[in-house]
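What follows is a single structure, written as structure tokens, with notes after it.
We just call them A, B, C, D, E and F in the order they show up, numbering each chain from 1.
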Amino acid sequence: MSKSPEARHILHSGYFHPALRKLQTPNVEISPHNLMFPIFVGNNEKPIEVKSMPGIVQYGVSNIEECLKPIVNKGLKSILLFAVEYGIPKDERGSYADSPRNPVIQVLPKLRRCFPDIIIACDVCLCPYTNHGHCGIISKDGVINNEASIERIAQVAVAYAKSGAHIVAPSDMMDGRIGAIKKCLIDAGLGNRVSVLSYAAKFASGFYGPFRDVTKSAPLFSDRKCYQLPPGSKGLATRAALRDVTEGCDMLMVKPGLSYLDIVKQTKDTHPEYPLFVYQVSGEYAMLYHAAKAGAIDLRGVLEEILLSMRRAGADCIITYFTPVILDWLQIRSKY
Amino acid sequence: MSKSPEARHILHSGYFHPALRKLQTPNVEISPHNLMFPIFVGNNEKPIEVKSMPGIVQYGVSNIEECLKPIVNKGLKSILLFAVEYGIPKDERGSYADSPRNPVIQVLPKLRRCFPDIIIACDVCLCPYTNHGHCGIISKDGVINNEASIERIAQVAVAYAKSGAHIVAPSDMMDGRIGAIKKCLIDAGLGNRVSVLSYAAKFASGFYGPFRDVTKSAPLFSDRKCYQLPPGSKGLATRAALRDVTEGCDMLMVKPGLSYLDIVKQTKDTHPEYPLFVYQVSGEYAMLYHAAKAGAIDLRGVLEEILLSMRRAGADCIITYFTPVILDWLQIRSKY
Amino acid sequence: MSKSPEARHILHSGYFHPALRKLQTPNVEISPHNLMFPIFVGNNEKPIEVKSMPGIVQYGVSNIEECLKPIVNKGLKSILLFAVEYGIPKDERGSYADSPRNPVIQVLPKLRRCFPDIIIACDVCLCPYTNHGHCGIISKDGVINNEASIERIAQVAVAYAKSGAHIVAPSDMMDGRIGAIKKCLIDAGLGNRVSVLSYAAKFASGFYGPFRDVTKSAPLFSDRKCYQLPPGSKGLATRAALRDVTEGCDMLMVKPGLSYLDIVKQTKDTHPEYPLFVYQVSGEYAMLYHAAKAGAIDLRGVLEEILLSMRRAGADCIITYFTPVILDWLQIRSKY
Amino acid sequence: MSKSPEARHILHSGYFHPALRKLQTPNVEISPHNLMFPIFVGNNEKPIEVKSMPGIVQYGVSNIEECLKPIVNKGLKSILLFAVEYGIPKDERGSYADSPRNPVIQVLPKLRRCFPDIIIACDVCLCPYTNHGHCGIISKDGVINNEASIERIAQVAVAYAKSGAHIVAPSDMMDGRIGAIKKCLIDAGLGNRVSVLSYAAKFASGFYGPFRDVTKSAPLFSDRKCYQLPPGSKGLATRAALRDVTEGCDMLMVKPGLSYLDIVKQTKDTHPEYPLFVYQVSGEYAMLYHAAKAGAIDLRGVLEEILLSMRRAGADCIITYFTPVILDWLQIRSKY
Amino acid sequence: MSKSPEARHILHSGYFHPALRKLQTPNVEISPHNLMFPIFVGNNEKPIEVKSMPGIVQYGVSNIEECLKPIVNKGLKSILLFAVEYGIPKDERGSYADSPRNPVIQVLPKLRRCFPDIIIACDVCLCPYTNHGHCGIISKDGVINNEASIERIAQVAVAYAKSGAHIVAPSDMMDGRIGAIKKCLIDAGLGNRVSVLSYAAKFASGFYGPFRDVTKSAPLFSDRKCYQLPPGSKGLATRAALRDVTEGCDMLMVKPGLSYLDIVKQTKDTHPEYPLFVYQVSGEYAMLYHAAKAGAIDLRGVLEEILLSMRRAGADCIITYFTPVILDWLQIRSKY
Amino acid sequence: MSKSPEARHILHSGYFHPALRKLQTPNVEISPHNLMFPIFVGNNEKPIEVKSMPGIVQYGVSNIEECLKPIVNKGLKSILLFAVEYGIPKDERGSYADSPRNPVIQVLPKLRRCFPDIIIACDVCLCPYTNHGHCGIISKDGVINNEASIERIAQVAVAYAKSGAHIVAPSDMMDGRIGAIKKCLIDAGLGNRVSVLSYAAKFASGFYGPFRDVTKSAPLFSDRKCYQLPPGSKGLATRAALRDVTEGCDMLMVKPGLSYLDIVKQTKDTHPEYPLFVYQVSGEYAMLYHAAKAGAIDLRGVLEEILLSMRRAGADCIITYFTPVILDWLQIRSKY
């Protein structure tokens, strides 16, 4: 063997020019339709800054229109709604979740009217409304009553769907909730015009801290490790995605994003025919924010690298709090 | 279908108890042999704190023994050496890389003698020693001269091997360097007792900032995008790993780690028979450090989640600046 | 071709050092959670040594707490319970299996209270309780009545689950028992908090001799070859695992272990998302014990080699009578 | 779902009769050509019993004909020769390995003449003849000199081939010895009438004890872990088999057998077109012998179960010290 | 490249000796359990020679015991029964198929009693009993009524099972008959002790001539091309095997044998876990008989080559009229 | 489950009509270019009937033109030439094979001139010309001298190529002959206009009897089992095809055809990019001829079934002595 490598071992010839590098990185672009913006909405009269997530604002039913309009003008294509309201009555079964006074239910018709081209997804869960803070209904012996839980969750999902949600996205991780929701949507005559986006592979992660501060949704006792997946388990993630596909979901989600890109790849490789969402969660947001502020990283460079990494791993749509700033950048077209 | 999900759709029954969750997360434990500690060594008489990486220290040839001893006692199994020295003579071909005065060459025999059970890897590159700061030799027209580069890199690798390195780890990303190094090691009679750890999938990432501050290895002109891989290209990463396997490498590496876990999975799935290293780089270190300091994340919880995610994705060994603190934790045995 | 082999044909360079050999053997470590301890429990007031299995003890309901405490302190994580009681009333349907006087049913609440962190599995079978000694219910013409058998086995499984078992493990090898058990657990409201560990690939082996001496469970007439699998049949093992997965089991088992490592590999490769148990049975235990005593092998060296072979083949958890002695060794950390 | 399982979940109907069980276990029969008998041969005038392996005899050049004749009459098809001689001159390069006085070289022409239908394989290694006891030639610095080793091993292999061996079987585990032996056989005009059986996946096992007592082949210093494979490494076993196939071997071997059946399966699945040998080594022999003697197992039942397990895993030929007794059993035809 | 081929291109070294050739042809041996003997049985008082198949005899209920005894003594392991009776009443639904006067139903209890170790399979079809000669029930418009057909065929299968058949083998090729038969067997309490052997890939072949002469089963009008598979269609053969596996069959068959060895391979590769039968049909028998008689081939040499070809292609059991003569040969042990 | 099978289990709907059956059997048509006609040519003045193959004629150099013309007019596209001449001088190296007096060498220019559209292949072997009757050159010790053999065979192949053969087809089964022939063709400037059709998988079959009677090519001593493949060995067939592809052949062949259809499928599946030939040999021809004559089969129906089976298994071109009669049938277009 001479000093010169074998021809097929020469890779530089394939990426020495920016245009070649672009060719070598197919399907990783970020366009507005690859982004979904998670939004906190309450009954607050004025927008409120979220303390644990610098730069993020909680909208109110009365001000959301004017707040969102500039972002929509930048190209916003889809949003994911979370209700945030303090001092509400909580009970065993989370009755407030589908109460007519729930801000999500109030805001849905308005958003549909104001922004007819925006896709609106609603997170579906009981934890902000139950007096114990768990995502399902609890039996007397203190564990999840799965059947009662999915029956209740399906009621809530249908309520949001009736109020105008295009997508209902159950984040509770109860077994069988996709099938139950689908059945109820069909019974309600909404089977063919509401999508179900399954939080199929949602892990019991340490990256949820800031979000829980916002939504006050931490459980009173115990934790969520009996329904959110163990972080090391690619096996359960495989089974959960297959289950939700079998039960009829329309889209799949992996959450959190950054440290689960192998699960993103595994899920996309196994179910290439389903749109795959990745949730860049509150802890990821805050981590990048603070690291950039301390000078450890350049926010734009690193965030763009992470977004394309998510796309490379198989994500079709990224749910991210950075959506407005990315839409800004997109207008100047970044060059990788 | 009744309310109750199909039996095989019930996943909770497989992870409702901590011991069950442990069973569902096989092969993601961190033991000392899953960690490699990257070390900066110079001729400084006293250890020097590294500014851009709080908590990290640059050792000197004269003090490395006493500095490492407590970490070895905690279970340290392997290290990765980088020379850091300021004010050295630089030239076109990086002559100082294998000079007898190079701190790595000086420290190797000492480390072999003091710590006979530690595996010692040496990063092999020209960039700290060339006057232009690139990782290879530059032609008159300003581009990489690949043949001259791999000939020179192989010389340096052999020099480190002769001085006592168990593993030589070329990080330069020139084409064909694995074959060239292997050939020279064989000619030197070291073919069967020095391993080559290939930086096979090293991306042109934004996470290298703090490291470059330490080693002063940023190139004077242009950048490294003609030899480090484009972040979005899983195709080139596939080809690079296959090439290095074909040329005879003993182990593979993916670098950086966190936002490349899909590449880690892809590489392990394709080459399950090769030990796979993942480099948690300086920017990842600094990002976690500052995010924890700002309260956005809990360092231990999140770092453990990331380490097990790397293992889940397929990493056999993680190269991390957090090694000493993880060894501390291991002695108290964390519970995921 | 010169005398020197091709570079990629040199393997020595990848394992010439103990730390390298460790890297080349990923995911084969034994930690406490990789071990499950099978326990015989009766109504005996004092622990009784098991004759056919030197070193193994049969605990009693009244003494199990003090007997297990030291093993729990060494790190014991999970146990598998077998009732052993002589002189009990036996009948056609094995009524004593779920009698309140059955030692397993008596001991379960106590174990849950004393050792809240231990996972408790219960073997489920009829053979110790039927007057004919078969694992199912027998028709008038002397063959297995499969439907009656799985109905009865499901009753027993639910009884153990209600008494506190985390895992029920049917060893009877009747067709369809996993589906029947799952259905009954769901009906009993235990669907999401009791796991079913399927003895999916249990072979009609010659390694069960010593166990049958303990439990007096050999059948009166005929043998178990009509329901335990023929040892040479990888085809039936494939079908049995797929069946049990389809019927909703949470974990799979291969039994015996040593001479079925190809079946372990086949099962793990086909169902990587299911935790895989391997049962090192009584005959394997006794064989190793006596061979070591006769000086043919070194017990620790060979047992460690076998355990890592089981892990290499794909086992997540090994059910072994050697658990206490391995926990001892783990505290001194063996080096392979 | 009714009580009765789904039709395809009923497996009993496929194996309720002995003839059906036979059909379910295809291609696992043992015939004489599936057995190879390892034979120790020295210059002893009378056969000597081997102490560490009760029932095994060391033949002498002068008595081997009369000793083997009854076994040949029972159907013996192939043998594997090992020379055993005490008090011979040993040196750096194992000169005695191919000396005209070596008992293997002396006995080959005789065996070819007496038993023309028997296939004769010769183990090829240096360890019984080197004064340091290693399987290759040692450099001054105490490590294997791979190039010198494979040159010498090839000389020995050709010497055995010229003396009449049909198969040469290098057990040394040096890198590149298959290619070197093949080249020398071709140069000697024997390329198309001598087979090379590669000990491709030979592990550094604890099951070799009794054999080393016979052949006095334990190394003086260090061990063989730098060339025999680490027991946990399926990756290196994969690479070793592929390497030996690429270098031109005619058959492959896995050694030891019992606790490596997953490696047997992996090797056969990857290289179905190569005859696969499995070596049931001395420690396996002694373990079964002593366990049976102590009453822990029934020798015939368990040995037959192990042999069919080896065949089920993919073995075409089993090298076993039990060959004569199995040939006895074959004449009465066992029924599994 | 020199004149001498690359080492791995030398194949002769792997098969220059008869014992090596045996090793290169693993798992193709013929033992008695690899053979099933198809038997014609009627009410004839004496055995009758079958004209179109020289050497083949039609037994009678009263003489079958003495006729079969010598073949059983030679090692016969399994038989496949066909009723042949002339002058019986035929009708639309083939009522005579399960009449108590049908010779198969009469002979079954006798055979079970006389030859308890023989496995007895019964061909299940309507064509010998319908007045139109088709294998199913015909609608008024002259085409197959599939639902009525499989209901009737399942009745017949259960009748044979109740009379003592171990295996029922539907040859009719109606869609869904396996599921229908399985369901009826389960309802009859025979689900786990009667096997269903599916004629899964039965082609509309020209090799059935002599058989139809025996059984007088040619259809009166039209042909069987609407239910037997088109000879060129590997796609339909793939789907038929998968269907029958899904419906719960215990074994699969390909018919005819010789010119469908690619289908045999395809079926075994896809369903390795199911015993595979190949039917060497009457035309193959007669062709070999006459070609040998004319001196074109040597019967024994060519028949043995064909049998091993069937085994090589994947057959576990060969249904052949040559069974008695092969059993003779087996006693002298042929050498390929 | 109702009586009616699942929709996807209904296959009849896909083939109830002749046009549908045609659709279900793609790529199995026989057109003239799928047939190659093997031709015996000598120096006989008149055509001579071949005794052992009724209906087959041996042509002479002087009469071949008029004999072939009618077959060419029916559509003949390709032929395979074998020389047959009695009383020629034979020697050690088969000198007559490429003598200017060899009828193949004489007839080639004539055929090229007379039938410019016909593809002409020449069988290349030494056995008709050596005094020992083997296909290669024999060493003094009576075994094949492989290097001398392939050197000689390559000379003969070049001689035929220079005389006008489009394809040279070595049937000798020496190791490495494809590489040797290719090298010599390239050296002779014919590398890009002569194809090499490798008899890659030629088995030592019992179907060659009639051919040997024609060509008088049976060996004087021993047999061809050391170079023709053992009939049961799919492994060696795999390796032989891969070897010949690696050495540069243009097309592959399997021989004989009928009982090797699984090998045809295996070869085509592995090398789909190489045209695959199947040789329906003399024994197959004679067997079909005599079986038809005796009334056991209908020649046309069965032969068409066999031809489409060969095509279904993967054959692109069938070498058959029935070529002229099939060309006749093709003109009337058979309907399957």
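Criterion: a residue touches a chain if its C-beta (ideal position, glycine included) is under 8 Å from a C-beta of that chain, and two chains touch if they have at least 3 such contacts.
Per UniProt, the chains are A, B, C, D, E, F = Delta-aminolevulinic acid dehydratase.
What you see is a predicted model; the values in this text were computed from it and never measured.
Fewest steps needed to get from subunit C to subunit E, stepping only to touching chains, is 1.
Relative to the C-alpha centre of subunit A, the farthest chain centre belongs to F.
Here the repeat of D-E among B-C, C-E or A-B is B-C, since over half of its contact pairs match by residue number.
Farthest from subunit C, judged by the mean position of CA atoms in each chain, is F. Remark: among chain pairs B-C and D-F, B-C carries the greater number of C-beta contacts. Averaged C-alpha coordinates put the centre of subunit C at 33 Å from the centre of subunit D.
Chain centres here are Cα means. That of subunit B falls 63 Å from that of subunit E.
Centres computed as Cα averages put subunit B at a distance of 41 Å from subunit D. Contact with two or more other chains is made by residues 143-144, 146, 175, 226, 234-236, 239 of subunit A.
Under the contact rule stated at the top, the pairs of chains that touch are A-B, A-C, B-C, B-D, C-D, C-E, D-E, D-F, E-F. Interface residues of subunit F, counted against subunit E in their complex, comprise 1, 3-6, 8-12, 14-16, 18, 21, 24-26, 28, 52, 143-144, 146-147, 150-151, 175-176, 179-180, 183, 205-207, 209-210, 225-227, 229-236, 239-240, 243, 246-247, 258-262, 264-266, 283, 286-291, 293-294, 296-298, 301-302, 305-306, 308-309, 311-314, 336. The part of subunit D that touches subunit E in the complex is made up of residues 4, 6-10, 12-14, 16-20, 22-24, 26-27, 29, 31, 33, 77-78, 117-119, 166, 178-179, 182-183, 185-186, 191-196, 245-251, 275, 316-317.
Of all residues in subunit F, those touching subunit D in their complex are 139, 143-146, 175, 234-236, 238-239. Within the complex, the subunit B residues that touch subunit D are 189, 191-193, 272-275.
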